[in-house]
Amino acid sequence: MRVPPGVSPGDFSDAIKQFQQAIGKEWVFTSDEDVDLYRDSYSPFWHEQEEPIPSAAVAPDGVEQVQAVVKIANHYKIPLWTISTGKNLGYGGSAPLLGGSVVLDLKRMNRVLEVNDKNHYALVEPGVSYFDLYRYIQDKNLKVWIDPPDPGWGSPVGNALERGGGYTPMRDHFDCHCGMEVVLANGDVVRTGMGALPNAKTWQQYKYGFGPYVDGIFSQSNFGVVTKMGFWLFPQPEAYLSGNVMVSRHDDLYALVEVFANLLNSGTVQATTTVVSPLAFGRDPELATLRASGSTKDLEDYVARKNVAYWSVSLPFYGSAKVVAAQWEYAREKFSVIPGVKFQDGASYRFPLDADQLAKITNPVPFGVPSLQTFSIGGSHSQGHMWFSPIIPMTGEAVLEAQQVFDQVFKDLSGAPGVSASFPVWSFFARAFVIIYFFPIEHDVEKNRRNREIFKRLVKTSAERGWGEYRTHTAFMGNISDAYSFNDHALRRLHETMKDALDPNGILAAGKCGIWPKAMRKAKA
Amino acid sequence: MKKLGACLVVALAFFLVATALPAQEAVSRSSAWTTSTTPSQGEPRGYVQYTNDCSMCHGEGVGKPGTLALQAKYKGAVPALLDKRTDLTQALIKQYVRNGISIMPIFRKTEISDADLDAIAAYLTRNNKP
Amino acid sequence: MRVPPGVSASDFAEAIKQFQEAVGKEWVFTSAEDVALYRDAYSPLMGEPNELVASAAVAPDGVEQVQKVVKIANRYKIPIYPVSTGKNLGYGGSAPVLSGSVVLDLKRMNRILEVNERNAYALVEPGVSYFDLYRYIQEKGLKLWVDVPDPGWGSPIGNSLDRGGGYLMPQYRNHFDSHCGMEVVLANGEVMRTGMGALPAAQTWQEYKSGFGPWIDGMFSQSNFGVVTKMGFWLMPEPDAYLSGTVIVPRHDDLIPLVNTLNYLENTRVTNGMPDLASPLLGIPMLSEFAARFDQGATPFDRPQDAELTALIAKAGGNMSPELDDYAQKKGIGYWSCKLSFYGATKANAANWAYAKEKFSAIPGVKFEEGDVYKLPLTAEQREKVHKPQFGIPSLAMFSIGARSAMNPEPSTGHMWFSPIIPRTGEAIFEANRVFAQAAKELGLPFLNFNLPSTYWERAFIFIFAFPVVKDIETNKKNVASFRKLIQVAADHGWGEYRTAPVFQDAIMNTYSFNNHALLHFHETVKDAIDPNGILSAGRYGIWPKHVREAKS
Amino acid sequence: MKNARVGLLLALSLMITAPAFAAPDQDQIEKGHKVYDKWCFPCHGTGLGKPGTDSLAARGQKPAVLEERTDLTVPAIKTFVRHGVLFMPMFRKTEVSDADLDAIAAYLTRNNKP
């Protein structure tokens, strides 16, 4: 049996025995076979020594059992690594950052505690998946939507805590949460926001409660184990309409993004979309040649000849049928400042969608229906992926600069397989674009090593330009945390101060987002 | 009472023309504060500070609780607009600014410095009879 | 000279000297006369021995000076209490929670560092007021609106940190929610930037809130964990147009479907301005027309002057009464109304309002009144007419509530707000009225027969009751005691306050007691770790430094 | 190790023709159907946006929808679920318990020729 770093085998086996007493023998996993199920299926360290593999896993079923586990871990200084559904693929999956940690698997805590369709919210446990919540709502025939991220098997709690994004107007998942229950490192249970009031009537209706608003520090962190979380839901709207805006010249991007940002900020467009150059993906051999060696002028000529777009953005509108039409009309008016702009009506739906309509939609996620369609991304032979996801300003200048800068990195490092030279920028968040670079994971040590080097280089280059990643795979959390270094890492030092105060034995998720317990910081230094 | 107010405004408009203040100020005093008035534009400092610090409550137009309160208090016996008064003393002005009155709060020196307060007091007493 | 608690006179004198060196002699206020300017003008303890007062005030002009002041305070363990514009009236003004604290007055830090029109945001210092920011935008002719709270002289930073609200679209009117990025001086004197600001060359400090790792910003709201010296805010692009319309329903129980439908429309973002509840029958005015009624010389609580109605209302005492329903039907007066506001494209506004009407039509007997339609920007004439905060224009008009007026010839000297959060349902409004009316009766408080909540927040209601502060100490004492009772009454029903004046901060924090005050203990653990000398805003929002907690117990 | 995995797969495919096992009861198959719908269908089901099905379709030869297969063996199914394959991750016992996995296997092998 593997033993956590710094823990004696005797202590560990005592701890395991106590874990078993606390939550039942069958829910403490120690055999290699069982523990291997907690490996990151998309680990960039596949077949390498560095792959962080847990020593055991414990799966409590309820907040009292979580408290018991945390107290035992504290007693024996056992490092824990919490997962909710463990489906954070591309960002670390169910594996810990620190090899030898005991995974605290909350999957069994999968109760949907409440869904309210008058005030449009849900209260769930961490093991609930988007599929589970969707099914619950369908079974009860409630007229509310959830906002799933691309993969539907993840946890609303876990995704919000990782600050993931979706597609509907409730797309910023951390922002749309309301109220938490957290088990602290000392085993104490706190409720945040209005939940701190016993018998609270508005735990899922008002976020902040009274006094410091602490919820944010439980996201992307290791300060507690979140055991319940509330979410605001979007009531089923009447209709959806999309409209495609296409511009024909390279420099039209500036105006395109400027108008787009205005429409987002004024609430005309309220959902996720992507600004993209269709030129980057066309399969026409002529286009491929132009992409490789043509000038901007050549590409513009190609656009004119083939009657395609240089840049395009597809706008999603949610609301009543007449409103979405009016919004699209207003958007067209706004974009008309760009000479030669073209418009194309897109999909149009009335809700609810019936089974036949749903069956014809490849990606139903923008309509609140969870799916796994996104896993098509790597093709049928993909062995997994990880994401490089920097935040850049919502301006055409930034998009072009990012493209040029990142392309250069790929060129310098003679390219990376599967990584597109151009890329879409996404509006998962209200005010900034996020680029989501796909990195293939292979069961090939050399390729993964190379990809990790490219990844680190991108992080560094990105930081030099003032762009930072919003989230990352456990393998790179230290690198990205290093980049957020204003005033000699003042923010991280504050996080460390808090970590030491709240979790003096450093048992929770060591190393998460660059935050290490005191003892390990010293060992590293 | 409403009519009286209207007469007052008309009377004041005449009064304004007669003073050295810029004509544009007579047009829309109630939103004068919405752009900064700076001494470089040739305005007296007291007028500038009064506009920036007092007129949002004591100015002309709707939604001015200070003006309404003085209207309710004096019922037209003296102008409800402070900058039309000719009976205020500098000591009294300073007293109100530094101690508050009714729901008018106290103003600190980081908000209105002593020098600015001197200027405001000078401005509001500029038409006092000697 | 008053000396802070637990500080020797000589240490204090030495600290003052060092403060003077750090910020300049003229910006350290120690005379009784100057320090008195930091009293809370609306203090319910005014004139009492336990009134919360400062020992001195220091007014730095820049983050380096703030750092120096904090370091000096740490050296001598001087309690300091930051205020931004100090205009948090009704919630404590510029006075500290712990008497004898040195007020750290940030009013001089009043620079508007950036306003970006294209991406619609601002970066400001704490001394900037809503008036200042509005002026700046007007002067530059930018097509941006600032979401302002009722009093325009406050600080966007201070208001946001105290989690205040305004009137525009939901993503703007929650002022803490619409901030993006902070610079904070910590208790150890170090300066830190949050969100993307932690990236030294950050390009998106005001465009993406949470950066990487734990999102810490919330910890600096309603707290005493740091001194915020810069903060970014998302601004609203000036919309194409504005439209309003009012929904009127005839019966008492119609409030329930009225609120349910409103929730649907607001949560699907059909209506995106602050909904405005009123009761034509009971004479409860719309919030947006409240201040204007003073200009019209009317009393704000206006209803048909009819003896029968007055008697019926008195008899009902805030409860459902069939007679009142009958009266409303007979006279054709709406029992409840709700004004909806729409910001957006002219046609979209019209279509949204049409859709809203369709949805409300499920309530039998519902009527609709068309409101205002403005193509924006407003003309000068329109600007005078409108409820300014709904158009992003700061104002002080709301102070008419407490000021001398025709209806209020003997004004108070201030007010304090009792502001519990209740669920966003008609049922909760009824229950809260029943409960508070009963409590008011027992406490002898002059509450109205019925109150309607405000809708600043998207998903919850907030009741805001004004307690007058007067010159008479005994009356204030009685009001403070009543206020404390109401806190308990609210908590017993699962309703908690969202914000309060220093006098009540301990009492309210005590009601947020889940699992033996686990959240407060959590705050205290953080406090002790990041401010071990307990110099920052001791007692603010019920969080006391260790040495004070120990002395108390 | 990679080779070892490939070897394992080969071995498993050889086992497909291995002798029949005890036929599971109908309850077990029905339970398996439910668990399959919950855990497998979102990726391996019919209809659009099913990467598991698409991936198997790209491989060709056999039915792409797992439920239509008659050649899967219980050990092969368990290996895929517990070890993953290509971009399909492995599933933990808190997600799909051993009992659930038995049921899935029973369901997916219900039409196998003995």
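Order of writing sets the labels: A, B, C and D. Residues in every chain begin at 1.
Throughout what follows, contacts are C-beta pairs under 8 Å (C-beta built on N, C-alpha and C of every residue); 3 or more make two chains touch, one makes a residue touch a chain.
All figures in this text were calculated on a predicted structure; none of them were measured in a lab.
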| item | value |
| --- | --- |
| Of A-C and B-C, whichever chain pair has more C-beta contact pairs | A-C |
| Centre distance in Å when subunit A and subunit C are each reduced to the mean of their C-alpha atoms | 33 |
| Cα-centroid distance, subunit B relative to subunit C, in whole angstrom | 28 |
| Chain centre separation (subunit B, subunit D; CA means) in Å | 83 |
| Centroid spacing, where centroids are CA-atom means, of subunit A and subunit B in whole angstrom | 56 |
| Chain contact topology (line, ring, star, complete or other) | line |
| Pairwise chain contacts under the document criterion | A-C, A-D, B-C |
| Sites on subunit B touched by subunit C in the complex | 1-2, 28, 30-31, 33-36, 52, 56-57, 61-66, 68-70, 72-73, 98, 100, 102-111 |
| Interfacial residue positions of subunit A with respect to subunit C in the complex | 118-121, 163, 169, 174-175, 178, 184, 188-192, 194-202, 204-221, 223, 232, 234-235, 237-238, 258, 261-262, 265-268, 270, 318-320, 322-323, 325-327, 329-330, 333, 391-395, 398, 429-432, 463-472, 480-481, 483-487, 490-495, 497-498, 500-502, 513-515 |
| Complex interface listing, subunit C residues touching subunit A | 118-121, 163, 169, 171, 176-177, 180, 186, 190-194, 196-204, 206-208, 210-223, 225, 234, 236-237, 239-240, 260, 263-264, 267-270, 272, 343-345, 347-348, 350-352, 354-355, 421-425, 428, 457-460, 491, 493-500, 508-509, 511-515, 518-523, 525-526, 528-530, 541-543 |
| Subunit A-facing residues of subunit D, complex | 1-2, 5, 38, 42-43, 47-52, 54-59, 82, 84, 86-95 |
| Complex interface listing, subunit A residues touching subunit D | 27, 29, 33-34, 36-39, 41-42, 47, 57, 59, 85-87, 89, 93-94, 105, 107-108, 127, 131, 152-153, 359-364, 370-376, 378-385, 443-444 |
